[in-house]
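Chain IDs A, B, C and D follow the sequence of writing; residue 1 opens each chain.
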Amino acid sequence: MFELTLQALYSGLLTGTYYALVALGLALVFGTMKIINLAHGELVLLAAYVAYTAESQWSLNPLAAIPFAMVVVSVVAIAVYLLIDRIKKDRELNSLILTFGIGIILTNFVLLVWSADIRSTTTPWFQQAVVFGDLLFSSRSEILFFLISVALVGATWWWLSQTWYGRATRAVSSDRKAAMLMGVNPRQTEILSFVVASILATVAGIAIFTGQVIEPSLGHALTVKAFIITVLAGMGSIPGVLLGAILIGVVEALTVTYFSSSLQELTGMVLFLVVLLLRPQGLFGFGVRRG
Amino acid sequence: MGEYLKTIAIAGAITLIGVVGAHAEDILLGTHVPLTGKLARVGTGMHEGIAVAVDIFNRDNKGRYTVKLITINDETNPAKAVAAVEKMSSQGVVALTGGYGSNIIGPASEAANKAGLVYITSGGVAPGLTQRGHKGFFRINNTQGYSRAMMGLLKDMKVKKVSILYNTKEATSDLAKTVDKDLSGQGIDVVLHAFDGGTSDFKPLINKVKLRDKSDAIGMVAYENDYVAILKAGKVLKPNVKAVVGVWSLATSKMNGEFHDLVQTVYGTSMLPYPAEFTSPEAKDFAETYKKLHGKEPDYLGQFGYVQTKLLLDAILRARKAGTLSTGGLAQEVRKTDSDTLIGQVKFNENGDNPLFSHRMGQHQGEKVVLVWPENAATGDKQFPSTPWSE
Amino acid sequence: MRANGILPAVAVIALYLLVPAALGHVDYVMSLIVAALTIGGIAVAWAMLGNLGGMVSFGHAAFFGVGAYVSALLTLDAGWPVFPAMLAGGAGAAIASVVTMPALRLRGPYFALSILAFAHIFRILATELESITRGAGGILSIPVLPTVAGFDLSSKIGSYYVILTIVLMAMAGYAWLRRSTVGLALLAMHDTEDATKVVGVPSTRLKAMMLALSAFITGVVGAFNAHQINFLDPDYAFSGLWTVLPIVAAIFGGYRTISGPLVGALVIYLVDQLVFKSFLPHGHEIILGALLVAMIVLSPTGLVPLVRQTVTLVRQTVTRGHHAAA
Amino acid sequence: MLQLEDISVAFGGLAALSNVNLRVDNGEFVGLVGPNGAGKTTVFNVISGLVKPTAGNARFIAMDLLKQPIHARARAGIARTFQIPQPLHELTVRQNLIVAQKFGTGHSDPKRIDEILDFLGLTERAERNAANDLALTEHKALEVGKALATDPKLLLLDEALAGLETTGKRQFTQMIKQLHEETGLAIVIIEHDIETISELCQRAVVLDFGKVIADETPERIFRDPEVMRSYTGERSA
C-alpha cells in the first residue's frame, strides 16, 4: 500500500504540473481581462496537432515544432481577442458564449484537417522510463514538462509582478481608466496577455502530444479541466494555479489507488464544486488584485 | 482531410457509376454511419468495407443490376440516425446496412422495422438488439464471439489470474462483464478495473495491477486512445505480466504503423493477418478492390462492413430473382444465409443473431500482425510470454 | 400592436394544422422537425433562465438526462403510464436542480460552469449506479408514447403534436410569467440585481424558482425524447449536445424574446440538417460555431429582434414614402 | 428606530468604517456629511444589507438587522436610493413602482402608485422605459419613487440632489421636505451642500476616514472649525 500511495502521489504531482501548464494561460487571461476563454483547450490542442504535422510530415522533433506552433496559436488567439473586443454589452457573459462558439469552430477545424484518428508522438525518447529508487516511475516527457511547467509558472509570476508590461497588464485589469492615465494602452496589454497565454498553451500542447494521446474532441475536456483548476487556485492567482493543479492531479491519482479509476473524474468535479460553493475566492486566493 | 473526403468521393463515384449504367436495373441500398464525432474513425472504416461490397457487386452484375448506395452521416446521434433511415426509406432503398454503436443502431433499426426494411449490421454488440423480435434485423457479430476469442487465447496461455481494464462505455462494459463471467467459469481469477473514458494517466491503475493484483496477464476492453495510454503507462511501470490482450481496434495495421513500439507482442481481435495473406479467391478480390478504392490495406472494420453488405446483396439478388424483393421476401432470403465468409461461418438464428460468430486473435510481431488463435486459423506461433516492455 | 396578438395565433394554427398537412407524409422531414422542437423546448427553458433572472447555464444536459431517466425507469420498472411518468421526469429534474442551487450564489461564468460540472457528475452517477439506471449499457425498448382516443401518439405526427404542445405550453407559461410582477422583477434582475433586492425582491428565492421551472421543462422534454427514441444511455442522456444546440438556437433566435429560442431551434436545426450537411457532411458543426460567433459580435440580441427592427424600419420607410407621394 | 453600534467594515484589509455609532429616531431627519471616501455610502450599504460589516451590531425597531437578508430589510421598512440612479432595467417607470410595491409591501395598490407618480411629477413618463428614456431629474425622482412604493419607515437618500441644477435642486429639496412633513417618515440623507442640510435636517452626523467625528445640530456642526476644515479641505482638493 505504501508503494502504491507513493507512486500515486508522484504521478499526481507530475500530472498536476501538466494540468497547470494547460490552466496557466486561461488563468492569465482571466486575471487580466476577467474573461474566461472557453476556446483555450482548443488552442492547446491546435498546438499539439501542429506538432503532429511537424513530426509526421517534416520529421521534426516535437520540441523543434514549438516556435512554429506558437505562431499559429498566437495568430488564432489574437483573432479571438479581436472578436471579444467587439463585444459592447455584458462582456463577461457574451464573451463566454463567444469563445464557446470559437471552441466549436476550432474542434471541427481540427477534425476537418487532421481527421478523427488518435495521434501521439512516435519519437521514442519521450516515452522512455525514468525511475527513481525503483519506487517512483515516470516517463521522460513527464519529467521534462514537469521542469518546464514549474519554470513557466515562475516566469509568468515574475512577468506579472516584476516587469513593466506585467504590471501594466495588472493595472489594466484592476482599473482600465486609471491605467490609461498612466500611459498604458489597455488594448495592447490585453493582446499581450493573449499572446503570452498562447505561448503557454503551445507548450502545454506539446506536453500532451509527447506524453499522452490527442484526438479532436479533447479540447473541450482540457478547457473544463483548466477552468476547474483556475477556480481552485482562486481566479487570477498564478502560484495558486500550480498548487490547484497538483491538488487535482494528486486527488485523482489517490482516487484511482484507493477507490476506482471510474470515479476519477467524479472526485475532480466534486472537489471543484465544494471549493466553488464553500470558498469562492479559491483555495489559494492570495495575490489577487493587490492595491 | 484524409479519410472522409475519400469516403465522399467514393460514395459520389458509386452514384455516378449507377448513373452511367442507366440501362441496368437500379437497386437502392442505404447506409448510415458516423462520419463525425467520437465514432468517426470506426464509422469511416465500416463504410469503406460497404463501398467495396457494392463495387464488387456492381462489377459482377454489370449490365443487369446496379446497386446505388446512399450514405448519410448520422453524427453518432440517434435522432439523426432515425431521420436518416426515414429519409432513405422515402427514397426507396430496399434495405439498410451499417450503423455503429448499439445506442444508434437500436433506434435506427426500430425505424427500419417500422418502415418494413431489412437492417443488417456489425457495429453494435449489445445483446438486447437481437431480442426485440424484429423480423428484419440481422447482426453478424456479437459480444459472445469477442469474449470467446479472448477467453480462448487466455486459456491457451494457461494464465491463472487476469486484470481486465475496461472503459465504462456501453459496449466495453458489456464485453468486459461477459469476459469476466466466461473466464471465471473456466476457473481463471479475474480482477475488473473500470475506468472513465477521459482517463489520460494510467500509471496509478497499472501500478495497482503490478503491485496488488500481481496478475499473469492484462486484458484491455477499450478503445484506441485508451490502449495507447495504458501501454504508455505499462512501458514506464513495466508490470510483470506475461501478456497484454485487448479486443477491437488494436491488432490493426494502423496501430502497428503509428504506435509500432508501443504495441509489440500485444494481442487483439483480428480476422485477418497483416499484411493480409489472402488465400481464398473472395478474400483476394476483397483486398484488391479495397486497395483500388481506398489506396490502403483493408482493416477489420472494412472487413465487417464488407461481409454484412455482401451477405445482404447476395440475398437481395436471390430475392430479386425470385421476384419477392418488392413483396417483403428479403428478410426471408437473408435468414437463409449460410456461408463461409471472411469473418467465418455466418448463419442467422430466429433472432437474426449469428451464434456461430467467433473472433480470432492476432498478435503484433514486428511489422506484422500474426493470427495466433484459434489454431485452425493461425498464421504463426504466438510470442509468449512477452509484452511491449519485456527485454 | 394589433399584429402582436394575431401573429402568434396564426403561427400556432400553422404549426398545428399546416405543418402536418404539408409535411406529414414525409417521415424524415417530420423527424427532423420533431428533433428541432426537442432542441427548441430546451432552448426555451434555457433562455427563460437567462432572460428572467440573468442566469446562463452550460449544463442543461443535466436536467434533460435526469428527466429522461426518471421517466424511462418509472414506465419500465414501476409500470407507470407514459404521460404521468413524463411529468414525474420533469419533477425529477426540478428536484435535481435543488441539488445545484448552492450555485445560485455564484456570479455569471461561475454559475454557468458549475452547472456543467453537475451535468458531468450526473452522467458519472448514471453510469455507476447500475442497480438503478442499468449502467453504461443503457436502456433499450423504452415504452412508446400511448394511443389516445384512437390516435397513435407514437407515430411521427403524433409525437410531433406531443412535443409541439409541450413547447407551446412552456412558452405560454413563460409569457404569462414574464408579464407578472414576479416576472418583471426577474427581468430587472438581469442587469440591476442590487436595485431589485433593496426594494424587497428576494432574488435568490426567485432565481431558485426559475431554475426549478427551467429544469422541469427541460426534464419533460428529456422524458419526451426517451419515449420517442426509445433508448437511453448515460452518454446520450447527458450529452453536451443537449446543452450546445439549445444555446446556439437561443442566441441565434434571440434569448430575450419568447419566440426567439423556438424560431432559432427550427431555423438552426433544419438549415443545418437539410442544407449545411449536404455540402459539408463532416464538420458542419463548424458553421454552427461560426453562427454563434457572428451573432454575438453582430447582433447579440438575436435574429427575432433583428427581424422586428428591420420590419419596423421598412414599415416606417414605406409610410414615409406614402407621405412623400401624397 | 435605527441603532448602529460600533460598526466596522474592511475591504481587503483596508478599513472603510471603524466603530461607527448612529441612531435615528422616529420621524427624524438626519444629514450624513463628510468628504468623499469618508464611508457615507458604506453606512447605507450596511443598513440596507449590500455590505456585511466585519464587526458591530445593528437594530431596526425590534429586529437584529445584520441577520436579515437584503430583501427582508426592505420588507421591514428600510428603503434607499442610489447615488447613481439604478432604475430597474427593461421595465417602464410604472412597472418599476409596481415591482417595488409588490415586493416591498406584499400587496398591490394601483391607486397608491398613481399618487406617487403624481407626487414626483412622473405621471407623464409612467409608460416610458425607465433605464433609457428619462432625464436625470426624472431618474432621481424615480429613485425616490421606488423607495416610497415600498411604504418605508426609514428612507435613506444617497446624494439625491447631486448633479441637479439650481432650480431642480430647489424643487427637489422642497419635495423631500414636504414628504417628511406630511408622512413623518424618518429620513437619512447624504448631502454635501451645507445649506440644504441646514434647511432639512434636525441633526447632522459627520464622517471622516470611516469615523464619526461629530453628531449634533447642523448649526453647531457648521460652526465647528475643526469639522469644517476636514470638510472643506477635502472639497477644495
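What we mean here is this: contacts are C-beta pairs under 8 Å (C-beta built on N, C-alpha and C of every residue); 3 or more make two chains touch, one makes a residue touch a chain.
Computed from a prediction, not measured in an experiment: that's the story for all the values here.
J.: Give the fewest steps needed to get from chain B to chain D, where each step moves from one chain to a chain it touches.
T.: Contact-graph shortest path, chain B to chain D, evaluates to 2.
J.: Write down the chain pair with more C-beta contact pairs when C-D is set against A-B.
T.: Looking at C-D and A-B side by side, A-B shows more C-beta contacts.
J.: Between chain C and chain D, what distance separates the C-alpha centroids? Give it in angstrom.
T.: 43
J.: Between chain B and chain C, what distance separates the C-alpha centroids? Give it in angstrom.
T.: About 37 Å, centre to centre.
J.: Could you state the distance in Å from the CA-based centre of chain A to that of chain D?
T.: Taking the mean C-alpha position of each chain, the two centres sit 47 Å apart.
J.: Quick check on chain A: which residues sit in contact with 2+ other chains?
T.: In chain A, 108, 111-112, 262-263, 265 touch at least two other chains.
J.: Which positions in chain C are in touch with at least two other chains?
T.: Residues 124, 127-128, 282-285 of chain C touch two or more partner chains.
J.: Using the touch definition from the top, which residues of chain D touch two or more other chains?
T.: Residues of chain D never touch two or more of the other chains.
J.: Report the complete set of touching chain pairs.
T.: Pairwise, the chains that meet the contact rule are A-B, A-C, B-C, C-D.
J.: Quick check on the complex: what are the chain C residues that touch chain B?
T.: 26-28, 30-32, 34-35, 38, 124, 127-128, 135-138, 140-141, 156, 225, 229-231, 233, 235-236, 241, 273, 277, 281-285
J.: Taking the touch rule as given, give the residues of chain C at its contact with chain D in the complex, in rising order.
T.: Counting only chain C, the residues touching chain D are 181, 184-185, 187-188, 190-192, 194-204.
J.: For chain D, which residues count as touching chain C in their complex?
T.: Those residues of chain D that touch chain C are 48-50, 69-72, 74-75, 79-80, 82, 86-91, 95-96, 98-100, 102-105, 108, 131, 146-147, 149-150.
J.: Applying the document's contact rule, which stretches of chain A touch chain B when the two form their complex?
T.: It is residues 3-4, 7-8, 11-12, 15, 108, 111-120, 122, 124, 127-129, 137-139, 211-213, 215, 217, 221, 252-254, 256-257, 260-265 of chain A that touch chain B.
J.: Please give the residue numbers of chain C that touch chain A in the complex, ascending.
T.: Listed in rising order, the residues of chain C that touch chain A are 56, 58, 102-103, 105-106, 108-110, 112-114, 116-118, 120-121, 124-125, 127-128, 240, 244, 247-248, 251, 282-286, 288-293, 296-297, 300.
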